[in-house]
Amino acid sequence: MTATATSARSDLSELGRSETALRTFLHGLPGVDQVGAEQRAAQLGTRSIKTTAKAQAIDLAIRMVDLTTLEGADTPGKVRALAAKALRPDPADPSCPHVGAVCVYPAMVPYVAEVLRGSAVHLASVATSFPSGQAPLEIKLADVRAAVEAGADEIDMVINRGAFLAGRYQEVYDEIVATRSACGDAHLKVILETGELATYDNVRRASWLAMLAGGDFIKTSTGKVPVAATLPVTLVMLEAVRDFRAATGRQVGVKPAGGIKTTKDAIKYLVMVNETAGADWLDPDWFRFGASSLLNDLLMQRTKLTTGVYAGPDYFTLD
Amino acid sequence: MSERVAVRKTYKLFIGGKFPRSESGRSYLVQDANVSLASRKDARDAVVAARAAVKGWAGATAYNRGQILYRVAEILEGRREQFVALGVPADEVDAAIDRWVWYAGWADKLTQVYGGANPVAGPYFNLSSPEPTGVVGVVAPEQPALLGLVSVIAPAIVTGNTVVVAASPAAPLAAVTLAEVLATSDLPGGVVNILTGRLTETAPTLASHMDVNAIDLTGVTDAELAADLEIKAAENLKRVLRPAPADHDWTTDPGITRMTTLLETKTVWHPKGV
Amino acid sequence: MIFEYAPAPESRSVVDLKPSYGLFVDGEFVDPTDGGSFKSINPASEEVLAEVAEAGAGDVDRAVRAARRAYEQVWGPMPGRDRAKYLFRIARIIQERSRELAVLESLDNGKPIRESRDVDLPLVAAHFFYYAGWADKLPHAGFGPDPQPIGVAAQVIPWNFPLLMLAWKIAPALAAGNTVVLKPAETTPLTALLFAEICQQADLPAGVVNIVTGAGDTGRALVEHADVDKVAFTGSTEVGRAIARSIAGTRKKLTLELGGKAANIVFDDAPVDQAVEGIVNGIFFNQGHVCCAGSRLLIQENVAEQVLESLKRRMAQLRVGDPLDKNTDIGAINSAAQLARIRELSDAGSAEGAERWSPACELPERGFWFAPTIFTGVTQAHRIAREEIFGPVLSVLTFRTPAEAVEKANNTPYGLSAGIWTDKGSRILWMADRLRAGVVWANTFNKFDPTSPFGGYKESGYGREGGRHGLEGYLNV
């Protein structure tokens, strides 16, 4: 409990210098009661967001989308089309905002960069031998550098879950620090792969570990394991960034990724951000959705609000 | 040869494991003996002793309480003749001994019979268990002097309550003699306290005392007094056992209501999660 | 970005209120013969919802006689399996009409629709389902091979959970074979009257359930009626005491569920975010109109500052306002009288030197409202630490050791509920053993279930409602 909600700023930068200090700190974080956390998340999910609030939420959600494709079958043509959609999600409506970022594999970064150049849409790339992270550190760092050189200004890395679960916190910490350094000016999102961490206690510890090591964002999932983002996992991560800022003064962003497909889902997340971390996080700089099909549902709901009639999938681009 | 001059017994109160005279210095002649005439102050002292004994007695293991109640039966068996000499019929003494044995066995079973897990609709462990209510004021039945007395004391204390008993005013010798049995049975002092004297003095004190949790009016035969005691008991919402019907048969299976009326059910919830 | 939630009102058109209601006696709505009438208002707007009959002693007598007749001629002799079917039928109708009942409950009581929809109504239906199943299994309930009903039950319920308290009273009574005359609270009679319609819809035999509306005099006439065999009351300890006195020397069996001043105990190793939710749920659920509310927060002193900071931040998120808005967390105080009591005790808290804090929140102009409030620097001697406020007001105290927490928690004439927050299992069990309270919530709070016995120690009353234990008060054991 010592780490949370304290108004006095603490210097936690020394923690990364010793495995013992890291372990003591992480294991000293308050526990998370699973049932209570899930009930709180479910309760927030019952908020009813209608009319003007819904319109506001939809536009915000569109601006927060990291429009993602992470397939072996991705081609330059596919990712160019995706980037074009990121810039103008609804070609029929110029008032529709652009998305937050496009997120692709490192090899696809140059093609996306061509399309996004000069725009405010960020270019994110999953580096560090995504999604398993099972490669030698040097190769992972080279992966990061290559992506940044090719034009990515955001790097989504995966942590070494095996090391984390085995309690080798120093190793995980050092890897994040090294990746952070390889990023240069690019922002670093640290993927915790919460579906493999199994408990909310682990999610809270991994969140703090990633923040202590310098991550700019903490992200739930790769989307490549069965359990991706959930509301309660995101709740625990939002509590962590809130408490981390209270403790250190540094604000860290949150990105749930995977499995968020509908406007209704997205709005539940925004309500949770609003009532957990607060309004400061209701901004694409501090909250993102890792998603692909979500965007079209947001666009359909947006059209419904402006025209009053329900659209169909044929009226929105497939990319 | 001259006959040996007998040593007569002084029949005193039983409070906190000791045998004091009434603080009022009064006694009354009954059953050919001088018996202490308890005052209101004696009743209050007895409540203090009973309260002090709650923590240890309620906190003892059920197994331990069962052992002690069985020990009471053992000691009573050895003193059978003493009660017969007081005029208690032999079969009543036997029934009283057997009743201690019966209740001794309940000590570690009632929680299972009366409590249990509740299948709530959610991810929770949920368990109800009975607990003693605390200090119980008891008006013992006038008759049968020994079996009636045992039948109100044992169900109250077996679950961890402590009692202050107003003994039958007309037949108190069995009660005081039972106190001697209890005093030599490993029963902690204060768990059972016995007052002899007038119900009109002791019972209203017990019924109105704010540190008494329950009142057992079993032995009250005067309906007006019973109603008055129940009204007094309402002041702190004591649990009430109403008077037994005049024709109550004390030899039959007592059932568990006497025990359960003097219990509280505590239900504990806890989430199940990882 | 400031995210303003637009109003999201639940439609009240689902409720079809009549301008006036009679008494429900012997299966029919009838006009009172020696009573009058009163108005039930919406505490959120002070608008009159309906005019309701006030039963006089003669009306109560008529209802008790109807219940007696139904007990002797119909319900008592009816096989348990048939009683069960009526109760199942009622449970189903409640589920089907739950939206209507939820809206009406929020209108009449002032509680947020989120709570009446997500908590009250599901529990009401579940309670009828649970006890329906007991009706033909009573010999297996542990009260002997052939337990018998008591007869006619007089039931008086409070205004904080009008329909849920009705379910807690009527379901076990009917399952056990008794018939009932129930008096709902004078500020919240409407869902009970809708329930009477449900009894008609279920073809429940006439006289099995009778609803007499009215205030204290009606309740007194009912409880003191000579032909009543059982009295069940939920409400204030003061009235409970008066009822216990009034039935002294009678054969009437009594169960009482009364006030509380529960301690919610937070240790330094608590799962803090869930503990804060539990504190909020403990005292602000249902505007704090909850007998088992966690109205005394006991925080371990070494984390008191941090917990309070988190609590205040969380309280700032509470949305106070229109009970029918789906996003409202705290609705209206049930009545002007209750509001006055909350104000009086809160003012006493300030006057006695406790520090008062509420988040900035705008309260509606009309209706009865009280902002969520906490008092810090409270000691056991303060009135706000001893008296039941029955409103959204939390008294915060600190402790240093587990033993001190137990001592403070138990230092009250009440004993209804308690909360413990700690990650240490053995400490939970150690604490739970020592807390003198009928319900102990560990790492959770304000959870209810029809299978889980509920009721208090000491001046919080006697008898249990819910579970197998809840049958005992309605059987001749």
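A, B and C label the chains in the order they appear, each numbered from 1.
Note that in this section a residue touches a chain if its C-beta (ideal position, glycine included) is under 8 Å from a C-beta of that chain, and two chains touch if they have at least 3 such contacts.
If you're wondering where the values come from, they're calculated on a predicted model, not measured in any experiment.
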| item | value |
| --- | --- |
| Chain whose Cα centroid lies at the greatest distance from that of subunit A | B |
| Innermost chain by mean C-alpha position | C |
| More contacts between chains, A-B or B-C | B-C |
| Where subunit A and subunit C are represented by their mean Cα positions, the distance between them in whole Å | 44 |
| Between subunit B and subunit C, centroid-to-centroid distance (C-alpha), Å | 36 |
| Where subunit A and subunit B are represented by their mean Cα positions, the distance between them in whole Å | 68 |
| Junction residues of subunit A - those touching two or more other chains | 33, 35-36 |
| Where subunit B touches two or more other chains, by residue | 122, 124, 271 |
| Subunit C, residues touching no fewer than two other chains | 443-444 |
| List of subunit C residues in touch with subunit A within their complex | 1-8, 114, 118, 268-274, 277-278, 303, 306-307, 309-310, 313, 317, 326-327, 423, 443-444 |
| For the subunit B and subunit C complex, residues of the former touching the latter | 113-114, 116, 118-122, 124, 126, 128, 133, 213, 223-224, 226-228, 230-231, 233-237, 239, 255, 257, 260, 264-271 |
| Interface residues, subunit B side, partner subunit A - complex | 122-124, 271-274 |
| Subunit C contact footprint on subunit A (complex, rising order) | 1-2, 4-7, 30-33, 35-37, 39-40, 46-54, 56-57, 60, 239, 270-271, 274-275, 279, 282-283 |
| Residue ranges of subunit C in contact with subunit B within the complex | 126, 142, 144, 237, 240-242, 244-245, 248-249, 256, 258, 413, 415, 428, 432, 435-444, 447, 449, 451-455, 457-459, 461-462, 464, 467-469, 472, 477 |
